[in-house]
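Structures given as structure tokens follow.
You will see two complexes here that share chain A, one where it goes with chain B and one where it goes with chain C.
Let's turn to the complex of A and B:
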């Protein structure tokens, strides 16, 4: 299948949004390395972060193949406003409850998105997604176990989770913010359904767990069209953090 | 001088003289790949791990397609260089690429790989059950590689590398690592 013209642009936007999501949540999680609340969690969250950065690298690789850019340059050499991760990931690391709530909301949404791509018509992405989906099952398991644990925890624990969901909930559906020209991706068979339909599928998928734990389901996104824009100060901080080495030593390689 | 080293020396000398390399078959290349260790668990080779999907010897060189165990595995570049270095001794152009066309699964680890893992203190992965939830799969009893007991507990689904989980044996009371079922 040949990808060119408007389809290449639309595919590029899809890859950029997915890669930026994985990159940003990976770096946010890595902020816990060394200071997670339990030793076992220090290992787990660091491993999750490593997975996500690896997924981002693979997706930036596909994007670079499409645009001719160097994947590292795409990852690091943009101004904060040019990143296209969803606003769900723009709230800073926060406490452990924020981290778990963010991971749960993102991992469940990402799982639905991957399902909509795995049988897609562009082999490089469909093949990679098949592999990513296997790894992401472990992430969803981790988030689900912790969501359950925090929701059933004592007052202080549960109230922190509720506060985290109140903060993140309104931005949860931004994972499914409509992409520029996503109709082209659907026509070409790369993406199986519009983002709006995937959002409905995601809501249905998390509803049973939220009902069991008596947690409030996230509302609709306030302004879906801007769901991957206007990142704000917490992201600018993270951007400076993950660019520290790149800025200190331009062109450095491992 | 071992046979393999001698073979390499001869091939190298021929290549440097600009002579046509001798006939090379896929089995010989595969055997050479069996000598390339995984950098994180060096007791097993890339062949034991089931990472070698395709080997092709063509007029323009040796082509190898490897399957990454994990997408973000930081050892991939090291593995690629090790494979290239080993195969260059055949005096031909070497092309190594990673591909996701076939997803690597822990079920691809060979019986020899299982045995080598066990002998070095790693529990080999349980057979995958794609229809089962991850937690059920992880709950499958894993035998302790130290004492063989099946009374073991999963301590952490995540370990020191992406492909490992951490267990504890309630009989010999030793912690041990297991290869993740994926």
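Let's turn to the complex of A and C:
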């Protein structure tokens, strides 16, 4: 299947949104390296963060193949406003409850998104998604175990989780912010359903766990059309962090 | 089956995740068995594992086959097989 013209643009937007999501959550989670709540979790969250950066690298690779750009340049050399990750990932690392709430909301949503792409008609993406899905299954298991622990925890544990969900919940559905020209992707068979339908599927998938743990389901996203725009100060800070080495000597080979 | 190591975790689910990360994230494992410390039976009694009497007769090294093989070859007229060249 040849991809060109408007379809290539739409596919590029999809790849950019997915790659930026993985890149940003990977870097956010890597901030726990050395300071996670326990030694074993330090290894686990760091390894998981590396997985996400690996997924981002693979997705930037596909995008670079499409646009002719260097994947590293796409990942690092844009201004913050040109990133297309969802607003859910724009809150800064926060405490452990924020990290778990963000991971749970993102991983469950990402899982639904991957399902809608794995049988797609563009083989490079469908093949990659099949591999990503195998790793993401473990990420979801990890987040689910922790969500359960925090929700049932006492001594301020549950209240911290509730505070995190109150902060992140209103932005959770931005993973499914409509993409520019997503109709072209659906017509071409690359994406199986519109993002709005995937959001409904995601809500149904998390409802049982939220009911069991008596947690409030995320509300609808405010201004979903801008769900992947308007990154605030926490992202500007993260952008400076992950660009430190690259910016130290532009064009250098490390 | 080989002892991979130990992890500290608050419950079995997290123990399994941590075991996977500590002993499987570099694809060095094909399977992991995760058990609680309390469920491990520790057998360390030397009388049961390292008895004092000579047990060399239980090891295959106790039988020297070389001379018997040479005699059998001579009897059958077969030459000793050469080391295989690559």
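By our rule, the second predicted complex is superposed on the first by the 250 of 254 C-alpha atoms of A that agree within 3 Å, B and C clash if a C-alpha of one lies under 4 Å from a C-alpha of the other, contacts with A are read in each partner's own complex, and residues count from 1 in each chain.
Definition applied: a contact is a pair of C-beta atoms (placed from the backbone, for glycine too) under 8 Å apart; a residue touches a chain by one contact, two chains touch by 3 or more.
Only a predicted model underlies this, so the values are computations on that prediction, with no experimental measurement involved.
Enquirer: Touching A:190 in the superposition: chain B (first), chain C (second), both, neither?
Expert: So A:190 meets neither chain B nor chain C here.
Enquirer: Considering only touches as defined above, state whether A:47 meets chain B (first), chain C (second), both or neither.
Expert: A:47: touches chain B and chain C.
Enquirer: Going by the contact rule set out at the top, does A:7 touch chain B (first), chain C (second), both, or neither?
Expert: Neither: A:7 stays clear of chain B and chain C.
Enquirer: Let me test your reading of the model: by the given contact rule, A:127 touches which partner, first (chain B), second (chain C), both or neither?
Expert: first
Enquirer: Counting residues of chain A touched by each partner, does chain B or chain C come out ahead?
Expert: Touched residues of chain A are more numerous for B.
Enquirer: Of the partners chain B and chain C, which touch A:149 in the superposed model: first, second, both, neither?
Expert: It touches chain C, and chain B stays clear.
Enquirer: Can A:138 be said to touch chain B (first), chain C (second), both, or neither?
Expert: A:138 contacts both chain B and chain C.
Enquirer: So, does A:57 touch the first partner chain B, the second partner chain C, both, or neither?
Expert: Touch partner of A:57: chain B, not chain C.
Enquirer: Figure out whether A:172 sits in contact with chain B (first) or chain C (second), or with both, or with neither.
Expert: Neither chain B nor chain C is touched by A:172.
Enquirer: Would you please give the residues of chain A that touch chain B in one complex and also touch chain C in the other complex?
Expert: After superposing on chain A, chain A residues 40, 43-44, 47, 138, 141-142, 145 contact both chain B and chain C.
Enquirer: State the interface residues of chain C toward chain A in the complex, per the touch definition above.
Expert: 7-11, 13-14, 17-18, 20-22, 25
Enquirer: Going by the contact rule set out above, which residues of chain A touch chain C in the complex?
Expert: 38-41, 43-44, 47, 138, 141-142, 145-146, 149
Enquirer: In the complex formed with chain B, which residues of chain A make contact?
Expert: 40, 43-44, 46-48, 50-55, 57-58, 123, 127-128, 130-132, 134-135, 137-138, 140-142, 145, 254
Enquirer: Report the residues of chain B in contact with chain A in the complex, numbered from low to high.
Expert: Touching chain A: residues 68, 70-74, 77, 99-101, 103-105, 133-135, 138, 155-160, 162, 166, 180, 182 of chain B.
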